[in-house]
Structure formats: structure tokens, C-alpha cells
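As written, the chains take the letters A, B, C, D and E, and residue 1 is the first residue of each chain.
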Amino acid sequence: MTMIFGIPLQAFMGQLLIGLINGSFYALLSLGLAIIFGLLRVINFAHGAQYMLGAFAAYLLLAYAGIGYWPSLILAPVIVGFAGAVIERLFLRRLYDLDPLYGLLFTFGLALTVEGTFRYLYGSSGQPYAQPAALAGAVNLGFMFLPIYRGWVVVVSLVVCLGTWLLIEKTKLGAYLRAATENATLVQAFGVNVPVLLTLTYALGAGLAAFAGVLAAPIYQVSPLMGSSMIIVVFAVVVVGGMGSIMGAIITGYVLGIAEGLTKVFYPEASNIVIFVIMAIVLLIRPAGLFGRDA
Amino acid sequence: DGASDGKVKIGILNDQSGVYADFGGKSSVEAAKMAVEDFGGKVLGVPVEIVDADHQNKPDIASNIARQWYDTEQVDAIMELTTSSVALAVQAIAKEKKKINIVTGAATTDLTGKACSPYGFHWAYDTHALAVGTGGALVKQGGDSWFFLTADYAFGYSLEQQTSDFVKSAGGKVVGSVRHPLSNQDFSSFLLQAQSSGAKVIGLANAGLDTSNAIKQAAEFGITQGGQHLAALLFTLAEVHGLGLEAAQGLTLTEGYYWNLDDKSREFGKKFFARTGKMPNMIHAGTYSAVLQYLKAIDKAGTDDTEAVAKQLHELPVDDVFARGGTVGPNGRMIHDMYLLQVKKPADSKEPWDYFNVLATIPGKEAYIDPAKSGCALVN
Amino acid sequence: MATLLDVQGLNAWYGESHILHGVDMRVGEGETVTILGRNGVGKTTTLRTITGIVRSRKGKLTFAGKDMMQVPLHKTAHRGIGFVPEERGIFSTLTVSENLMLPPVVASGGMTVEEIFELFPNLYERRNSAGTKLSGGEQQMLAIARILRTGVRMLLLDEPTEGLAPVIVQRIGEVLRQLKERGMTILLVEQNFRFASRIADRFYLMDHGQMVSEFPVGELPQRMDTLHKVLGV
Amino acid sequence: MAVSATQSNAMPRVVLSARGLRRDFGGFTAVKNVDLDVHDASVHALIGPNGAGKTTVFNLLTKFLQPTSGTITLMGTDITRTAPDKVARMGLVRSFQISAVFPHLSVLDNVRVALQRPNKLSKQFWRPLSALDALNDRAEQLLAKVGLFKERNAIAADLSYGRKRVLEIATTLALDPRVLLLDEPMAGMGHEDVGVVSALIREVARDRAVLMVEHNLSVVANICQHVTVLQRGEILAEGDYATVSADERVRQAYMGSEEG
Amino acid sequence: MTEITETIRPEKSRTALSVQAAFLIIGLLLLLLAPFFFYPIFLMKLLCFALFACAFNLLLGYTGLLSFGHATFFGGAAYFTAHAVKEWGFSPELGILVGVAGAAILGLVMGFFAIRRQGIYFAMITLALSQMFFFFCLQAAFTHGEDGIQSVPRGQLFGVLDLNSSTNMYYFVLAVFVVGVLIIWRFINSPFGMILKSIRENEQRAISLGYSVAHYKLGAFVMSAALAGLAGAVKSLVFQFATLTDVAWQMSGEVILMTLLGGIGTLIGPLFGAGLVVTLENYLATSEFPVTIITGIVFMVCVLIFRRGIIGEFYASRLGRKLGFVYRR
């Protein structure tokens, strides 16, 4: 049998694939985070909470309205995105003129409140959510037994990431947004309704997080804590990718997912800090992150 | 000479809003209140009062509250004490202040070992009992080769260590193990390693959401269908409920209590359910038992003086819905039977919360460390 | 000449500091008017208040006969006012072409991109580099060029020649004259007196947040003494 | 306009020099083959069309940018690889094209921050702030010189743009640098300040070297003994103002039809 | 960011100064008498957190660097001191020294990586590095994982003062707190502090004036880390244990809340912020309200409408200004 670094090639391929699947979640989450940061200069600490809300929305839609996975995939992000829009309109908007750390602190408080509320209502041990019947089962790839649902996650997240990137980087909308980041007043003086754009942006970011949440619901426990355990890692991904760089966030998400997956095989004890170690190294060599523009 | 201040006050100190809130939480407070009511609401002619606090998993808050309770609020005993750092800190304070504490929520055997106290008791379970139950008893059922998925911190190590000792002494073997980070979301990497190890049993030496996620993903990767067995080393009814039978079926675990064991326990379970909306796990029932026993001890001693009550607690047999024929060792360990349980298939579950088949009963003497060997300085 | 911009008793504040104390001025359709004044008298503030960027303001402000006081900032451009700020406001995350294409076209009659590049060949050369990687002067050109595309009726220019090489200043002067011929209305704030005197029809002299005098270009020679005193020209 | 050269010695010594300076940004070369000698006790102007590379040369000389190739020597020491703060401590201090003050400090404190540096005071975290009062006289003197004395207790952010530039020059002078690099010091200044600052520059240049970028040609003509014209990153012409302004290429690339 | 300067200026009136002196004396008196009215452990905890918040504020309020990893120094020092005292039998003062030195070294390492970036980048880097330290503490043997280092002896201070008496312990903690605040006060109102301020205002300009910005920032970072460590070290003696909660990132969040509540950039604001948070936590522990929800709401309200914090709002109020306090944006 062919061996790679002392493990069979087949197992290696399996682990690579699994890393890619996790990377899909990192990519989706860090994409949303990068959009919100890049365009609103807000470090969205509530991103984990919004991810969790997406999963919970799916669960609640099923439990109370009998709405299944497929409609939820659209509905939950819309609901969470709408909630995000409301938050932006009512609160975040007042913080744009201030030092960005106030945005960070506000969303931190928001995350505490939302997670606290769900913990209070639904306990901490989580809720069950089954896989959609159409994606149940698994295929034998020869080197591993791949649950079909996981394959779906990889495909759909790639599509969504690329679509979002195109939307932001390749359209006029993207130019407005990036310009508004730097000098919103001026862009407004040019005749662009910046406040509405910013609201939509935050809603988009929150919606992406919720989308990742719905994707995660059949894999992970739908628990109030699912976001907070993820958020810090995702922050690190965004820092490595270069804050505000959207493509950077996507690519880094996948790459670090794989890096983490491989660490789980070769040196599992380090798998929770490997991303931070990579971050430290990257920052030493390229302070702006892999894809970041110089500050 | 009766109760010193015209009142007997019991404090339930635990996590009510954090990760362990389902484990004990507010429901433990309810269990304590049920015990007081079942005892008649009074002891030695004075009323019994339950107070409670949420320590938020922070030992300094717990320590602050414990001191304040003992010093200024005439609390006579503090119970539950989820999380080992909290339990150890409060037990140290109780020892210094010569007050009673009874731990039902924490797992560490240190409470009745190195850190034991003449006034401290450990009631519902500990890591040793879990290891004996799941590790030892399961081998006898044929699960003789093991692979561990271990949370990478002291609690995980000690569960793995103790369990593999029992696996080996029961004639089984450990074919491997992998350490995963705490609060890990994705277990597929580790599960693949476990899968390819070919072990008959995959032991989950972790807790809470980590265990839930591992079980859920094991189902996804077809691990149980492939003939391997999952054994959770610290898992209770509350978490099985959160996971659902679909994902949890076939899982084995050890608890000191199951509501659907017999009529007596069913009756308690239903009463508890009526008040909390869920069936009790071993922490809830254990807290009920601890409060009840504490009141019995005061009654027997005729006083709420710490020394006298502690003496009674050590001597009185424990016989209630939680423990049948339990005894308390000189190190404060309450020794009672444990049950090896297996989660039913969805089709076999006859009613809500009907989750377990009892695979075996582990006698208390086997389940718990012999006080003489516990390392507690009070035992000689 | 029909009045395009009419300002009466305009007051403005930054936080608690009162900067404009009742500015009165009007600009006719197709006219080029220059505001002169020492540093810090409120020239920039006047432009920012007219645009609506400074929102704590009082007074009367009409453009093309319509009240502008209640118009939200993002609608001013659509009414036909284009603003070139003193600090230029080039976006670093956008390329030169993206910067150029950024402001939405609000009316027909603006210059085409080809015309603009012809006017400013430097920009054409650097069209794909990041906006703020341009030199100071190139940024100034870009800032003016950007507005010319949108088809606004009136340009507010804040010190457009600051930091520019004399050739460029001349070129900008020519451009402004060309625009004027096309009927563009221009309100200019300028320290470069020589430059201003070549293109303006009329002057306002500003001091302490008010217009202290007003005169047409023809009166310039007899005013030189006063200007000398006030501006040190 | 005549150049009022006040050279006492025939040949003042070179304090700052660059040889073969080059800087690429990606594929674009902003500066190439620049040889530059800045002499003591003189004002040297660097002029050229926008985008010619003047600010880039400043950034290279002060080490805010690393040259792609070439060497820089400051008073006999090679500083091609030295950190910018070190270069400043060696006596080469610059101002910025976009005004750079400490906005929330008072005008006086802005100057004191600079005065504090050569005094070793800046590292002393155990001394009270009043230790800095010793610097007040000097600071006020400097402010008086640039005409900012009245505003000494104002917060820098509240100054108008032009006054900020004046403050920046005062702060730069406070370091008593050997070589002073001024990037468009007069840009955005009112006419009254232009006069004051020109006089000031002329005065400080009596015993130090000044290199300045300036588009105001009358200023260049008045106070600069030496002029270097850059175009597209390369030196187009050199000499005194009369020579340079007579050069047809310079007129075409930079000055246009009019003069001064 | 809002900044409040407390520099005493010569033009400040005599009366203003004496009012402030009076405030100071009354405050000190209250602290001296407090143990007769409040539960001493509670007060000690409050003072430890207050010092922690003051140390944190040294960095945020005066250099504009928001660290999201200060738990590392607080909790790290707690572990070091607890270990030195319990396992090596060190005296309390030596134990504290070990803790402070350890925190300073951690500060040096974390600072080395973090000060290269500013603003939110800085915050994220400190957060990530402190997560690494958290995982280290979780796995390292000497911390005893989730059990923590328990039953740490308080011992005899300088061999004479028995710290097991809670009165003695309280006055010791109070002394440490006062000394700590004095150090911070001196530090920010020093020539060095002036440079820190100017770096925050305009880093490029500070470099061009010849300041090696990295050294100054690192200096402030290490100072802040060491003082946070001092707070953590003393706390481990007060409670006689050191546990994981003190190095978890939630602790870093909590200290931010305290500072924000009290007033960023005010010298004594964090004392009030800490007081409020600690009281709130204790109160909520026995109330029906879920703690995290309330904490979260407090955070949001604070950021939205109470940005200057208790002391900042007071300074900026009419009364505060009349009394001669300066609040500046």
C-alpha cells in the first residue's frame, strides 16, 4: 500500500477530504465576517451567534411549523438577515463614526445576549436535527466512506462563496461598498444611498452566517454554544487571510480547514492551536495577512 | 438542642446558565425542594429552606457565595456543586469553616481522595464509577477491544486512564486512542481513525457537547452500522434527550440512576417531570437523595451542629429512590450501585423519555474506590 | 442671468462651534464665482454646508428654485450639485478607473471617459493602479475628472490647484474655462489668487464666517488694496 | 527673479547624498537613477510635475520606503539600511505632504513632544509631566517664531489646515535637525503665512541643509540656491533657479507658459 | 475614540485641585473603612479586578490599543503565583513577584507579535494568542486542568503579617491596589506617557520625529501586562486557588466591560466599573435573571448611550466640569 508520511494513502485522502469539508464552514463564516469587516469596519463578534441562529431557525421551523430542510436553507438566512438589518438600522449605524472597537464591543454584547437567551430557552445540550432524506446515506469513494450530505456541503459552499465574491468584487455595487468603507459621506455626496447599502451588507453577512448554520444543523448538535466555539477560530482565519480581503477569507478558510484536518491525523493534540500558530507565523512574515492590502 | 438558628438552610450552588445547565441546573434546585417537601418541610420542628445560586462556572463567584452563605446567611450545607474546580474550592472552604457540603454534580475522585474533608461528601457518581461501569462491564458483554476518543485535558485523561485499566483487567485490550481538543466541533477525522482501528468499542472520554457531536457524526459515518459500539463515559439522560434516539441508539453509558427502573423510580420520575418538564438524571436524583439524607441525619442527631450531623451522615445507611442500600465511607464517598445502560432503538421506545435498556448493575463495592485506598488522609 | 444657487443667512456648526454666521450669496446659471478668504474663515465649511455634508445648519438654501435644506445628502448630487473636496477623497481600495466610474451619472451631458482621459493623460497611464498610489497632483486631477462624468449642473471645487505643478494648474484652468463655455456653473474656493482671477466672473470675500464683500472681476484692480490687506496677496 | 545666494564659503559640504536611487512599485518605476547632493547651509528645491516621484524620493531618503537599489549617505554614514526612526535621530527630519500633527494634543505639547526626544526625557516613565516644563521656553520661542504663540494652548485639531502646516514646521524645527526635508510646506497656506514661513526657512538654512518640494515657484525663486527638476522619476535638470527655469524642457514639462 | 485627559494643567484653578484632593481623600477613607461594612472577600475581589481593569485601561485608554487577551496575564500570573507558593513553598511576596515577572514575560512575547498591528488587528491577534495560552493551561500538568490549583496557602507576608486573617489580607490587597494605581498614574503622566499619547495620535509623525514606536508600545504593553499580573497574583492568594476561568477569553471580555463601564481613559473609572460588574455578577448569581443575557445587555447599552462610562460621564457633566475635571474628546 502506498504510504504518505507514515499513513496509508487512502486514509490520507480521506482526511484531506474531511479537512475540505470543515474548510467549507470556515470559508462561509469567514467570508461573511470579511464582508462585514471589509465594508462596515465592524468586527462582527455576533457572527457566531448568527451562525447559531441559522441552525436554530432551521430547527424551530421544523419543530413548530413543519418546514423542512430545503425551504429552511433559504428561509433561515432571510430571517436572520432581516434580524441583522434591524440591528444595523437601530444600533450599529450609530457606531460607524466611532473607533471600530465600539462596534466590536457592541456585537460582543449582542452575542452574549443572543446566546444567553437561547441557552435560557433551550438549554445547553442541544437539539436534534436530521439530515434531509434526499441527502441521506453515503457513497464509497474507495478510499473512504463519504456521507452524501458532506459532499453537498462542499459543493454548495463553493458555489455560494464564489457567487458572493463575484457580487462584491465584480459589480458596481462592490465599488460603492468599498468606497463607502473609506469615506461614506463623500460617496453619499456623489448620490449613492449609503445607509441602505450598509444595512443590506450587514444583512448579507448575517445571512451567510445563518446559511452556514443551516448547513451545519444536520452535522453538529443544534446548540446555543455552537457559535462561540467556532467564532474565535474563524477570526483567526480572517486575520490570516488578511482582514477585509474577501477572496483571502475564502481561500484561507479552505486551506486552514485542510491544515487543521491534517493536524488531527499527525498531531491531534495541536489541532486546536494549529490555526493560531499559522496565524502567528503569517503575521511575522506578512503583517497584513496573506491576501491583505498594506494598512 | 435543636437547630441553632431556628431554621435549616440548604444552598444549591451550581451552573444554571452555562454549559452544565442541563446536567443539573435549575432542575437540581427543584429536586432539592422535592426532598424537603417529601421530608415534611420541617426538621426538628424548624422550617427547612432551600436557597440557590448560579456560579456561572467561575470558582471565584462560587467561593464568594459559599463564604457569604456560611458566614452571614446561616446556610448549613451547600450541595450540588457542578464542575470540579468549584467543588474543590467550596469543599476547601467548608472544611475550613467546619460546614457540611455534599457534591452531586462534579466527577473528580479527588473530592474523597487528596482533598477529602470530614464534612464533605460525594454523592451521585465519580470518574471511577463511570470507568468501572462502562469499561469493566462492557467487556463482559463482549466489547473486548477499545479505541478511545479522549478530550485533551486532565478530565479526559483520567477517564481514559481509569477506563482502560478496567478494560484490561477485565481481559480486554486497548488498540489505540486519539486526543481531540476541548470544544471540538468536528469529529470526523477522529472517527475515521477510530473506524480504521477496527476496535469493537469506541470509548468517548469526553463530556457534554463534545460527546453529543461525536455520537451524531458517528451515525453519519455509519460507524455503528458497521458493527462498532459507542460507549460514552460521561453522559446522562438529559444529553441523550438532546441528541434524540435516532442518533444515539446503541450507545452505552453508565449512570447511577434511571427513572424507568422500577415503580419507585418511575413514581419519582413522574413527579419530577410534572415540575420541570423533564425526567431526572443521576444528578437530579442524587441531589434529591443528598438533601433527604441530610435532613434525616439532622433528625437523628437532634441538632444541626456540623460535627454531629457529619457523624450521622457517615453512619446512616442510604435508602431512597436514588440509592438502595447505600453506605457512606469514612472519606465521605457514598457507595451505591451503578447501572450500565444502553440507548434503545427508536422503535423500541414505548413512551417519551423511555430511552434505556439496563445491561448490567454494578455493585457499589465494585464501582467505587475502597475508602482505604482512596488516598484520603482521614482514613487510616 | 437666472439664479441657480441662492444662499441666505446660512449658519453652520461643527459640534458646538459656530462656524458660519449668516452667509449670503448667489450664483447665477453658467457663472463662475470664487470665494476668497484667509485660512480658517469658513470657505470649506460653506461648500460642505451647501452640499449637505455639514448637517447642523440653519438658513435658506435653494438650488434651481428648489429648497435644499431638507434634501438628504444622497439626493443632492441628483439635484445637480457636484462636490470636489479639499482633501480630494480618492478611494484607496478602488483603482483609478473604478474611482472615475464611481459617482453615478445623474444627468446626461457629462463628459465621456475618452474625453476625460484625453484631458488628463496621466490618469489614463495609471488607470489600473490603486487610487491613493497616485501622486498628490494626479489625485487632484482624478477628483475633478470624476465629477465631470456625472453631468451635474454645478461644480463646487475646494482649492483645486493646491499642490499642483504650474502646467497642471494651467491645464485645469483651461478645463474650467471649457466647462464654463459649455454652460457649467462653478463655485470655486481658492487661495491661488492669480489662478482664480483668470477664470472667475465674480468674487466673494469671506471673513469670520460671513461674506464681507462681493465684486465682479472688472473691479479687481481697484480692490487690490483691500485684498492685499485682508489676504496679504 | 534673482537668487539671493548667501553662501559664505565657496563650496559648502555635502551632508546628504544619494547615488543611483531607484524604486519600483510592482512593475512601475517611480524613481530611477537619481543622484542627489544636499549641501549644508543651503536650501535645495526638488520640483517637478505631479507624480514625478518627489514624495517618493523623500520617502526613500528618510527610509519610510526602502530603495530598490542605490545608496544613501547621511553625513558620511551609509543609511541605506537604517530604520526611519534611527535616521531621524541621526538628524534627518521630514515633514509630510498631507499635514501631520498630533491632533488631540495642544499646540504647545505638539512642539514639546519633539523637544523631548533629544533630551532622554522621553523614556522616563517615572518622572512627572512637569519635568517637561523645562522645555516650555524653547517651545514658546519656536511658536513665536512661526507666529503660533497666541494659539499655543489650542488643540491642534481645531487649527485650520494652513495653521496645521505651520505647526508641523515648528515641530520639525524643534528637533534642530541637521538636514530638513519639507514636502510642500506652503501648500494650503494663506499668503500671510507663506511669507513668514519662507523667511523662516531661509533663516534656519543658515546653519543646516534644507531640501524642499514646492510648487510655489516664487518661493523657489526666492529662497532656493539649488534646484533639481524631476520628471518621470528621473532628473531632468539641475542648477540654480535661473538656469533651470530657462531650460526649455523644464518649461514644457513643468512650468508651462507662465512664470512663477 | 473618546479620550479623557486628566493631566493637571497650570491654568487649572486652585479650588479645582483641592476639590479633587478632597475626593481622593474621601475615597481612600472609604476604602480603609469598607471592610467594616462589606464582606471582605468581596471587597478584595473587587480591588483585584479594579487593578486588573486599571492595568488594562493603561493600554486601551492611553495608547489606544484594545487587547482582547489580557486574561492571559491575569490568569497566567495567578497560576504562577499559586504554583510558586503551593509547590515551591515561596513566601507570598516572592510568589507575587514570580507571578508579576511571569506576566511581564508573557506580555513581552505577546506584545512582540501584537504591536506590529493596530486597532482591531491588534485585538484579534491578542485574542488568538491568549487562546493559545488558554489551551496551554488546559493541557499543562501544573495547572491541574479543570480542577485548578486549589488550597493555595496565603502564608506570612515578609514573614510577619499573617495573611490568613482576612483583615490583614484586605489591607494588603488595598495597599497593592493603591500602589498599582499610583504606578499607572505616574506612568501615564510622565514624559514617556506623553510619547505614548503622540504615537496614538499619529504614528507616522512620531517615527519621523525619531521615536522608535515599537519600543514605546512594547514598553506600555509589558507594563500593562505586569500590572494585570499583579492583580491576578494577588487574587490567587485571596481566593487561594487559580483556575481556568481566569485565563479564558471571557475574562478578557469582562475586563473590557469593567473599563468601558467605568470610563475608558480615566484613572479611577475602572474601580467603579469593576465594582459594578462584580456586584452584578454576585447579585445575578442568586437572582432569577440569566447572567449572560444581562451582561450582554449592559455591554450594548453602555456602547450605545453610555460610552464615556460612569466616571467619564461625571467628568463631562456640568457638575464634573465645575469641580475642575477635564473631559476631552
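We take it that a residue touches a chain if its C-beta (ideal position, glycine included) is under 8 Å from a C-beta of that chain, and two chains touch if they have at least 3 such contacts.
The UniProt protein names, listed by chain, are A, E = ABC transporter permease; C, D = ABC transporter ATP-binding protein.
These figures come from a predicted structure and were not determined experimentally.
Chemist: Where the contacts of subunit C and subunit E (ABC transporter permease) overlap, which chains show up?
Modeler: The shared contacts of subunit C and subunit E (ABC transporter permease), listed by label, come to A, D.
Chemist: Where each step is a move between two chains that touch, what is the least number of such steps from subunit B to subunit E (ABC transporter permease)?
Modeler: 1
Chemist: With centres defined by CA atoms only, which chain is the most remote from subunit E (ABC transporter permease)?
Modeler: C
Chemist: Using mean C-alpha positions as chain centres, tell me how far subunit A (ABC transporter permease) is from subunit E (ABC transporter permease) in Å, no decimals.
Modeler: Distance between chain centres, rounded to whole Å: 33 Å.
Chemist: Calculate how many whole Å lie between the centre of subunit C and the centre of subunit D, each centre taken as the average of the chain's C-alpha atoms.
Modeler: 30
Chemist: So, what's the distance in Å between the C-alpha centres of subunit C and subunit A (ABC transporter permease)?
Modeler: Using C-alpha averages as centres, the distance is 44 Å.
Chemist: Roughly how far is subunit A (ABC transporter permease) from subunit D, going centre to centre by Cα mean, in whole Å?
Modeler: Roughly 48 Å separates the two chain centres.
Chemist: So which stretches of subunit B touch two or more other chains?
Modeler: Answer for subunit B, listing residues that touch two or more other chains: 17, 152, 181-182.
Chemist: Going by the contact rule already set, what residues in subunit C reach two or more other chains?
Modeler: None at all.
Chemist: Which pairs of chains touch each other?
Modeler: A-B, A-C, A-E, B-E, C-D, D-E
Chemist: Which residues, counting only subunit D, touch subunit E (ABC transporter permease) once they are in their complex?
Modeler: Residue list for subunit D touching subunit E (ABC transporter permease): 62, 64, 83-86, 88-89, 93-96, 100-105, 109-110, 112-114, 116-117, 121-129, 131-132, 153, 155, 171, 175.
Chemist: Looking at the complex, which residues from subunit B come into contact with subunit E (ABC transporter permease)?
Modeler: Subunit B reaches subunit E (ABC transporter permease) through residues 16-17, 51-61, 63-65, 67-68, 71-72, 83-85, 88-89, 92, 108, 110, 115, 152-155, 181-182.
Chemist: Which of the residues in subunit B come into contact with subunit A (ABC transporter permease) in the complex?
Modeler: Listed in rising order, the residues are 17-23, 25, 152, 178-186, 188-190, 192-193, 196, 208-209, 212-213, 216-217, 220-222, 238-239, 241-244, 246-247.
Chemist: Hey, which residues of subunit C end up touching subunit A (ABC transporter permease) in the complex?
Modeler: Contact set of subunit C toward subunit A (ABC transporter permease): 51-53, 73-78, 83, 85, 89, 91-94, 98-99, 101-104, 106, 150.
Chemist: Could you pull out which subunit E (ABC transporter permease) residues touch subunit D in their complex?
Modeler: Residues in contact with subunit D: 3, 7, 11, 186-187, 189-195, 197-198, 201-202, 204-213, 219, 223, 328-329.
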